[in-house]
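Take a look at the structures below.
Below are two complexes that have chain A in common, paired first with chain B and then with chain C.
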Partner chain A sequence: MLEYALLAGLVFGLYFSLVGLGLNLVFGVMRIVNLAHGDFLMLGAFGAFWLFNLYHLNPIATVFIALAVFGALGVPLYYLLVPRLQRARDPEMLSIILFFGLSQVIEALATVGFGPSERSIPGRVLGSGPVHVLGQTFPAAWMVSAAASALAVLGVYFYLYRTRLGYLTRAVMVHREEALATGIDVHRVSAIAFGAGLALAAIAGVFAPFMLGSATPAMGVDLNIQSFAVIVIGSLGNPLGTVLGGILYGVSLMFMQTYFSSWANLLPYLLLILILLVRPSGLLGRQVRRA
Partner chain B sequence: MFRKLVFALLAASFAAFAGGARAAAAPAEIKIGTLYASSGNFAAISMPVHYGLKLWVEQMNAEGGVYVKPFHKKIPIKLIAYDDQSNTATAATLYNQLITQDKVDILVADSGSPLTSVAVPIARDHKMLLIDQTGTGAAFFSKDNPYIVLMSDPVSSIWPKYVADFLTQEGPKLGIKRIALLYATNDFTGTQANAVRGFIRAAHAPVEIVYDQGVPTNTTSYTVIINNIRATNPDAVITLGFPNNDISYLRNLQDSGVKFKWQFAIYPGLETEHLEKTVGVKGLEYVYTYTPSSVLEYKAEFGMSLPQFRAAWDKKYGEGKVAFGFNSVAGYTTGLVLQKALAGTESMEQLALRKAIFALSGKLKTIDGTFELNDEGAQIGEITPLGQIVPDGKGGLKFVVVYPPAATTGKPVYPAK
Partner chain C sequence: MPRVLRHTLLVVVPVTLAAALLPLGYSNQLLLFNFVVFLTLAQGVNVIYGFTGYLPFGYVGFFGAGAYGFSLAVIHLHMAPLAALGVGALAAIVLGLLLTPLLRLSGAYFAIANLAAALAVYQVVSNPNLTEITMGPYGISLSGVYHPQLSYAIAVAVMAATLGLAVYLRNSRFGLALQAIREDAVSAAMAGIDVVRARTVAWLLSALVAGLIGGVFAWYVSVFYPDTVFSADFSIFAIVFALFGGVATVSGPVLGVLILYGIYNAIGITTPQYFQLIYGLLIMGLVLFLPNGLVSLFKRWGIDVP
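Let's turn to the complex of A and B:
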């Protein structure tokens, strides 16, 4: 049971790295809290559901569509919302209120459009039969989702550390005003990061029916809480710290389900409290400042 | 002659006054206040119930209203419904609003135990009779609270009786000795889990519970839990959850390649169409479940028959956003009970309404089965037989009732294929 919980936690944790990655990227670059993150994830899940049902499109193909559509959606949404927020005295607090409102609107529209019930995609679409790993068996869909999550994390790493745009993005993450003073087009960099954040949320959404059983218009709220736990554990503002946060969250969740299953939903809150008390900057907090 | 004339005039004016007073006392509408959850965790069980009730209201109003005995006439129904978004705090505020601001004549709870639980003390404090549609938590009912009646589902403390009876009486003959019990920790399924334990212990049968764990209602991942259950080597597994729990559990079970010899879950029976779409036909094969009134046709002595109700539902809600199932029947049944009660009540006082509803106990037979209450207002009729979902040979599924013996339509397949 112990080995299974550990391995399942690693797999699940990789997925949760992807769930939190976009949220942390947006916070790291813009210092705003996108409380609608979980709702964009939900839209990705419903997108995958409808594309599969209408055109039998494999969710792997939907990943690329989600990347393009939500990436493109993020840029105008950034210019519509974020620069106004950043002119305010307390953009972080205002962003919480604004994106909470946006979250409510998205959920309400999704409920009207899709209905309130759970929707799902058959697990066999991502591979039939269980997969054997180190003597344990896991659903094939889990392994594919975890692999896709790992690829997405590597993609973000490549973007941040191996591209010119990534260097500029990290410069903005370290100090927005200094980046502006050196002539970096901060809004352009931020808009692309915002689009990337939404795209990552939507990609996580594509795999949600496989990892979370189903998708509903209301799923965003729970996912926001879990995403926050993940990024606070890793370190707020450090996208790659999200991986550590995700894995720690995943493993802890599986151990909770094994030994204290009734209390498993307290885990995100317990971890948040623990990290904020012991190491408020997150496990990789120091690296944030160096970016 | 003059005195006779004066008397006749007085008598005529009194009669006119009395008639006028009676007409004035009859309200222009009967206000039924209720809540529904269009979004959130309980939307999937709330909307079908609400739509079922709405269908009854529209039918009544199309016929000129519902007959109300104290006024000897049909009166149109005004349904005042607010969206609680599955939030118990919002629901509490809205229940208060229905009672104190809207001053509804009849208070109907939202579907399911979590959203009914907040209404129970509010209704009691305001001395309003709570028409509890599907909130089956046993803690809602007590001898000292006359302000609640359960309409459409059996109370959770007796609902799983046939499941436990099957396992304790038929189980040992099949080789079932070890039972695993997994439940979501809420009033609905928590009470059912307690009931299962109680029935099994009381039976003194040669079976033991080898796994007994609760999980939060918002649990979406069961792969590790399934592995933990498998490690206890059970002969039968009972899982008690809401639709989101059952969907995730059954999908994880199928995807992880684990096959339990005997598997029970609630919602494959209660919301079969919905689970067929989300879990898939393969994932539901050989699962044991409650055989609900939306599948097993009871002879309705009042209201529409099952095929008639299904046709009316499809005509009105055919777009498929809200699935037809046990909960839609439950909402419609609530309407039927209210219709009968209003036709029999001596007044619109809350306790008179309660008395009228109790008078129907054991006598009212609808598409939901026999309506029967215990002293505390809990539903003890309408118990759903235990069924097994098996392939129908045409790529679909069918129900086989396996318990109680008087209702069986086939033999259980054990171990599951």
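Let's turn to the complex of A and C:
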């Protein structure tokens, strides 16, 4: 029981790191809250579902398609929305409302296009039979999803710490104005980070039918809250802290589901509030409290 | 003419009279009631977001607390509806007090934490383990106290009081202090404003407004489920209506409700997904092109709007 909760928590934790990663990257670089994050995730899930059903395409292949499509979509979307938003008086607050509007548009289009019903992909597509780890058995699809999540996190690490673009991205994260003053093309760096954020959301979405059971056009809202919980526990604005947050969240979720299952839904909200109140600025490197 | 009187005559009196008299000639009282509810909620959001600068993304928490405070007082304590409204208001105030530490957070952090708090309250209220106390997910039925005429009248009174509150904030030293906190809390403190006290009062006032109208809502509809009164739509609609018209004014939220909720009732009920689409596009256009709301257009033309 205990070992199972712990291991399943790790598996889900890795997946939840991926779920939160894109949101945190966007927040870290642009200081805007992408409230449509969960909806891009939903689009990734539906992409995987349709490509599998129409062309029998393996979801692993869909990951690369999602990366290309949503990465390419993110750049024009950035130029369309963000520079204009940043000229307003309070961009951080208005971004919540702007991206809420975007999430409504996406959700409405998805409902019109896909219908409101639940969609799922059989788990055997990602690998057959249960996998035994340390005496516990898990579906193979979980292990594949967790491994893919870990790879995606490593990819983001490589991008941020081993490439020149990542170096510039971190400069913008630390101080936008100074980065601008040293001649960094802040808009270009931000646009690429925005595209990467959307692509990460869509990749997480590809695995959503396996990890979360099914996909519906309205799934975005819940996922947003979970993503927020994950990235706030880790460290807002620091994408790699997300891994810590994801694993902590995954493990505590599994423990709640094992021992207090009827109250498990309460967990993300309580964790979110507690962490914000107890350690609001400690890990964040940024003032989030007034007076 | 003093500005308070002018604002009262221009906005509070006509809106209240219209709400009070329209049921005599128009039979869809439920529609009018919903307008009254949203007029009140939009002004409640105006108090805490428009004047003070905190975006209450989980505003519905207070509405739901009010509705459940009212209903549980009627069910368990067999209170008269008017007294039970006091319990509903009290429930919202208590929730507001519990959440005051959130006011230490700023910007998006506050909005997210507030949203999480509202969802947490919803999860507790609708938890099947608490069915004996809150009726859990099975909902509330108050057919014993159902009284549409009286509850409608009370709703109009709550709305009028809330509009009066907005007029007061628009024209008083306290309202100015709140706006100073919104612009720059540190400078406001330097200017001698007790920031913590002022923002707490604004927060509790806005909670009180939502709690009262939530209680009246429960009374008026008398049969509802937890996800009816904790629906995120209430927060979002109230925020968007207020923003659309223009916050930190009296007339802005009123205009926003009349226009947007009017559109909602024209197309939203028959084809919700198309309304959601138009609504989303409208919100995006609003934030990008008119972030200060409709009334900012009038201000640009040099007209002093209430």
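Remarks
Quick note on the criterion: the second predicted complex is superposed on the first by the 281 of 291 C-alpha atoms of A that agree within 3 Å, B and C clash if a C-alpha of one lies under 4 Å from a C-alpha of the other, contacts with A are read in each partner's own complex, and residues count from 1 in each chain.
The working rule: a residue touches a chain if its C-beta (ideal position, glycine included) is under 8 Å from a C-beta of that chain, and two chains touch if they have at least 3 such contacts.
Just so we're clear, the structure is a prediction, and the values are computed from it rather than from any experiment.
With both complexes brought onto chain A, simultaneous placement of chain B and chain C is prevented by a clash.
Contacts of A:Phe100 after superposition on the shared chain: chain C is touched, whereas chain B is not. Residue contacts after overlaying the shared chain place A:Thr111 against chain B and chain C alike. By the touch criterion stated above, A:Ile192 is placed in contact with neither chain B nor chain C. Contact with both chain B and chain C is seen for A:Asn265 once the two complexes are overlaid on the shared chain. When the two complexes are overlaid on their common chain A, residue A:Leu276 makes contact with chain C while staying clear of chain B. Once chain A of one complex is fitted onto chain A of the other, the partner contacts of A:Val63 are absent, as it touches neither chain B nor chain C. Clashing C-alpha atoms between chain C and chain B appear in just one of the listed stretches 220-228, 256-264, 274-282 or 292-300, and that stretch is 220-228. Touching of chain A by both chain B and chain C, each in its own complex, is seen for residues 107-108, 111, 262-263, 265.
Across the interface of their complex, chain B is touched by residues 1, 4-5, 8-9, 12, 107-108, 111, 114-120, 122-123, 129-130, 136-142, 210-214, 216-218, 222, 253-254, 257-258, 261-265 of chain A. By the touch criterion given at the top, residues 33, 81, 84-85, 88-90, 92-98, 100-109, 111-112, 221, 225, 228-229, 232, 236, 262-263, 265-266, 268-270, 272-273, 276-277, 280, 287-291 of chain A touch chain C in their complex. Listing the residues of chain C that touch chain A in their complex gives 53, 55, 57, 101-109, 111-113, 115-117, 119-120, 123-124, 127-129, 185-186, 189, 195-196, 232, 236, 239-240, 243, 273-274, 276-277, 279-284, 286-288, 291. Contact residues of chain B toward chain A in the complex are 37-41, 43-44, 46-47, 86, 185, 213-216, 218-225, 227-228, 231, 243-244, 247-249, 251-252, 254-257, 274, 277-280, 320-323.
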